[in-house]
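Order as written gives the chain letters A, B and C; numbering starts at 1 within each chain.
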Amino acid sequence: MKIKAIFHIDESEKWDLLLANVENLLKGIDIKDSQVEIVANSKAVMHYKKDSGSNNLSLEELAKKGIIFTACNNALNSLKIEKVMLYSYVKVVPIGVKEIIEKQLEGYAYIKP
Amino acid sequence: MKIKAIFHIDESEKWDLLLANVENLLKGIDIKDSQVEIVANSKAVMHYKKDSGSNNLSLEELAKKGIIFTACNNALNSLKIEKVMLYSYVKVVPIGVKEIIEKQLEGYAYIKP
Amino acid sequence: MKIKAIFHIDESEKWDLLLANVENLLKGIDIKDSQVEIVANSKAVMHYKKDSGSNNLSLEELAKKGIIFTACNNALNSLKIEKVMLYSYVKVVPIGVKEIIEKQLEGYAYIKP
């Protein structure tokens, strides 16, 4: 089944739950026909930092499968995080909540783990 | 008014709030013309266990009124909960987040209390 | 860009994050062509009280820009808050979750900070 979905995260401690959700979802969809994007804003963007201690292998594997990882630039600025400090596969958008709204208006479902 | 809505819960401690939301909603809609489904994943599925100490009377009354209670099978497996341990009116779906996405793509609203 | 979005809040401690989200969003949209509504239910409605210690200047400025602030009347009743105790620009709806559902069914995006 083709699906389009945004996962929203704004709390660092929700990353494990969110990634488990996404991995479960991948067992039941054809990612090649689907669009799954994770939009992080507020403190949750810290997980994208190369020196964050996050499990890059898990994120990178999901990115290779086609999951899109997005960071809010306002959040990065507030936390003084520069783009060069992020994993290379992270997409940066000016305003995270605007991305989330626009995608829903384009027909994406929304999930907040 | 006819409505279609999914309530999503993944934290056990949000059940009281969620059920209060649903009970308030029922005061303002005609449930016979509406579709209201509660999808629990992660640890929130424990509330569906017969021996959980949850208020079965409250859940069962809502189920009789037409509210659909759904559990994620991935979550049940992770927590070693078998279907026979759940209240009889609980519907089990393979992947909770997939159910949530599909329903939204069919036109359901989404609420995360 | 024209957008329509509901921000949902039911926990008092999420107000700072929610208002920061809305302020960031306003930098990227034309509010005159957009509909942005904040729906508070459960304990989050206390923030609308004139004597709550909330930053009325910030809320009022957003209200003047066109952001709609909405309170759930069920929540007000539960907390024994009367309408006269709220900031004057707060709109009261009978059932907060019904408002959230109806707006989504009218095409609004949903965000839960």
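Definition applied: a contact is a pair of C-beta atoms (placed from the backbone, for glycine too) under 8 Å apart; a residue touches a chain by one contact, two chains touch by 3 or more.
All values reported here derive from a predicted model rather than from experimental measurement.
J.: How much rotation, in degrees rounded to the nearest 5, is required to superimpose chain A onto chain B on the basis of Cα coordinates?
T.: About 120 degrees, rounded to the nearest 5.
J.: Do the two copies chain A and chain C share over half of their interface residue numbers, or under half; same or different?
T.: Since fewer than half of the residue numbers are used by both chains, the interface counts as different.
J.: Report the inter-centroid distance (CA atoms only) between chain A and chain C in whole Å.
T.: That gives a centre separation of 26 Å.
J.: Can you pull out the residues of chain C that are in contact with at least two other chains?
T.: Correct list: 110, 112.
J.: What residues of chain B sit close enough to touch chain C in their complex?
T.: For chain B paired with chain C, touching residues are 1, 3-5, 17, 20-22, 24-25, 27-29, 107, 109-113.
J.: Would you mind writing out the residues of chain B in touch with chain A in their complex?
T.: 8, 10, 41-42, 72, 74, 94-98, 100-102, 104-105, 110, 112
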